[in-house]
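To keep things simple, chains are lettered A, B and C as they appear, and every chain counts its residues starting from 1.
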Amino acid sequence: MNAALEHALQDWYPIAMLGELAPGERKQSRVLGIDVTVLANDSADETDSTPPITVRAEGAPVHVQQAFDHWWVCLGNAPKPLFSIEEAGEADRRFVPCGVVRVACSPLRAVENFLDIAHFPFVHTGVLGAEPHTEVYKYDVKVDETRDEVIATNIKFYQPQAAKSAEGGIQTEYIYRVPAPMAAVLYKTCPLKPEAMDVIALFVQPLDEQTCDVWPWMALYDDTSTQAELIQFQQLIFLQDRSILENQLPKKLPIDPGHEIPTKADYTSVAYRRWLKKRGAYYGALEAQP
Amino acid sequence: MSFTLHDYVLSGNCYKVRLLAQILGVAYTVKPVDFHPGKAHKTPEFLALNPHGTLPVLESDNTLLTDSSAMLVWIAQQFDTTHTWWPTNDAHRLALTVQWLGFSAKLTESIGQLRLHTMLNRPADAATLNTLSTENLRELENHLCEQSIRGLAFLTGDQPTVADIACFAYSALSPDAGIEHTLYPAIRGWLHRIRCLEGFLTMPGIYEAHETRNEHTAAS
Amino acid sequence: MTTQPVSLSRDLAEKQVMRAELSDVDMAVWRSASGVVSAWENRCPHRGMRLSHGFVRGESLACAYHGWHYNCEGACHYIPAHPELEPPKTIKANLYNVTEASGIIWVNAVGTVSPVTLPSNTQAVRSVSVHCSLEIAAQAFKDYCSLSPITANTRTEVVSESPYVLALKAPLPANSPTPSMQDKSNPVSVFIALQRVNQTTTVAHITASEHASETDCIALSRWANKVRTHAEVSVGSTE
């Protein structure tokens, strides 16, 4: 087995939303090129110790846990801990799993796009950005050594409609976190509660190195919008990204410098690529592991 | 008379209605339905409104419509004072408009279904849908080639009708289903003409015609 | 590698960009507001976005992803995220050789572009894509000249051919009401320029003599569609 796959096997990936499958229902899926079946068990009564779902890869059950309104799986024999999102425990937030979207792109390209703000005026025109407000001001990026995460802070961008709840354009502040190679979490100005920040995450299930299922999830302060409105706002945004992601060449993410040309606005992406390289997370990357 | 549209942001059929309403400057109320992942269009409440379990649904004081082509006709007939979008005073064009409205349903059944499969993991026979989609796009391409030889920019003549709107949605969205426009030059030109119409509205997968904005004067 | 056609000039208007594939080379072909045609590698140097998804503003092609602007020489001259920055000269799109001749856009992805010489007084009919190799497509167009003429009671004759171009002489409908058809001394010529998209896809770019009428061109367009079916059936039957 190659090292990139061996490395990726020890991480956790979303496979279904909680409650997606009715008891007894089964679905086929794929993780890291391996076919898996997901079965929602019929638990007869409360004392029954059967777990709510069983996921099998090539016949053998794999590790399963629930977090952030999704079921997560790990196919490796030495699972790393799943990252945390503290806001998932704040009871006054609205939790919004947005459903799966399939994208023909590298899982790493899907994450990198989520960390990028410079595309807002062109890809999310009139919503997350608009010409002539295209400038990306200097911001800070670092690797948080204790959590081993990429963190970008002090990001500001003008947005015509920053959220479903926004009335007109606002200067929005962002913080980004990459807590795992195939997950990204952002914190942005909450239009209805300026002292707090909304949380939006992208959980990526790698089907293989060039295809992924993406599960966006949000934890918001918004007591006016319906669940359908919140989901559709997020789908509007993400499906605009999908048309970009399916048209980036090469399909796999070039991690080594030299293939593509970053500018200051791309510091988060540069830090992400370095961080992937350092930890050996080459699944979905152009380069073979050195 | 205004109306309420039971809507899903990624639905091509809902988009047709939003697009024509925007072009004609008609105000309406949107009611988002959680089509994906919630399957809210299959709940008893929704089925009581529309037994077909499909979106869009248009509701007004005296009307309830469950077919997007019918909605386009209803909107054009009431709000288009030029009578070009639903050309009732030209028998030939009116008949062609009905013919291409019929064709638009074939695009929904092929490209529309393939797109739900490719994008939202809806189970389907992708190979068959792919063949059907190609057949339909070729039929449209053949017709638009002939129109361009005749010097006509749109499906039924020199001006767009509701049939152009109806066929536009899934033709434009075919890349979402993995079918590019590269091999369809006549369709490409026609899509572009529609994107440049006054009042055009975008949706995910169909971008604004950024080229119509003013040129950037180089910073140097 | 040879010079090949990628589009009819008519089908790439000012301020338009399209994608073309040539023997598996993916390219963006675009026309500036003033009419200059360019063909580039279909990859933005910034983050790899296909430039064929971009948009033309004046004499620049802008990328759909972050809006970087490239001039007709391929040099990036504007990065919207850094409006004050003068982009380094090293940021450049990869250019191919391109030219327009006889109403057709020709490209050579690896060398100088030298289109097949065709008369200049032609009009565009259509481009039609066929799911088969270039050789099978060429054969199908030739077969159909005699097997199923463009209309009844006429024969079409192949007057010249090269790997990428077929020139046909096509007397169009005998019963056609159009003057061009009754003029036996001045038959309509048809030119078919073939593009090898890849091993299994070919595009035929079809032009005809200037004096071909609207009816003639429509007949030709339908004929081309029939040839496509014929070519694809023959591929299907050998698979």
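Methods note: contacts are C-beta pairs under 8 Å (C-beta built on N, C-alpha and C of every residue); 3 or more make two chains touch, one makes a residue touch a chain.
Please read all numbers here as calculations on a predicted model, not as lab measurements.
Put simply, the chain closest to the centre of the protein, by Cα centroids, is B.
Most remote from chain A, judged by the distance between CA-atom centroids, is C. Each chain gets a centre from the mean of its Cα atoms; for chain B and chain C, those two points are 28 Å apart. A straight line joining the Cα centres of chain A and chain C is 41 Å long. For the pair chain A and chain B, the distance between mean C-alpha positions equals 31 Å. Contact with two or more other chains is made by residues 207, 210, 213 of chain B. In chain C, the residues that touch at least two other chains are 64, 80, 83, 85. Residue positions of chain A touching 2 or more other chains: 122, 131, 243.
By the touch rule above, chain B contacts chain C in their complex via residues 138, 142, 145-146, 148-150, 180, 182-186, 188-189, 192, 207, 209-211, 213-216, 218-220. Chain C makes touch with chain B in their complex at residues 7-8, 10-11, 13, 15-16, 18-21, 33, 55-58, 60, 62, 64, 69, 77-78, 80, 83-86, 125-127, 129, 197, 201, 203, 214, 217-218, 221-222, 225.
Within the complex, the chain C residues that touch chain A are 26, 42-43, 45-50, 53, 63-67, 79-83, 85, 90-91. Against chain A, the residues of chain B that register as touching in their complex are 8-10, 32-34, 36-38, 40, 118-121, 175-176, 178, 202-205, 207-208, 210, 213. Only residues 17, 20, 97-102, 104, 122, 125-126, 131, 213, 226-229, 231-233, 235-236, 238-240, 242-243, 246 of chain A touch chain B when the two sit together in their complex.
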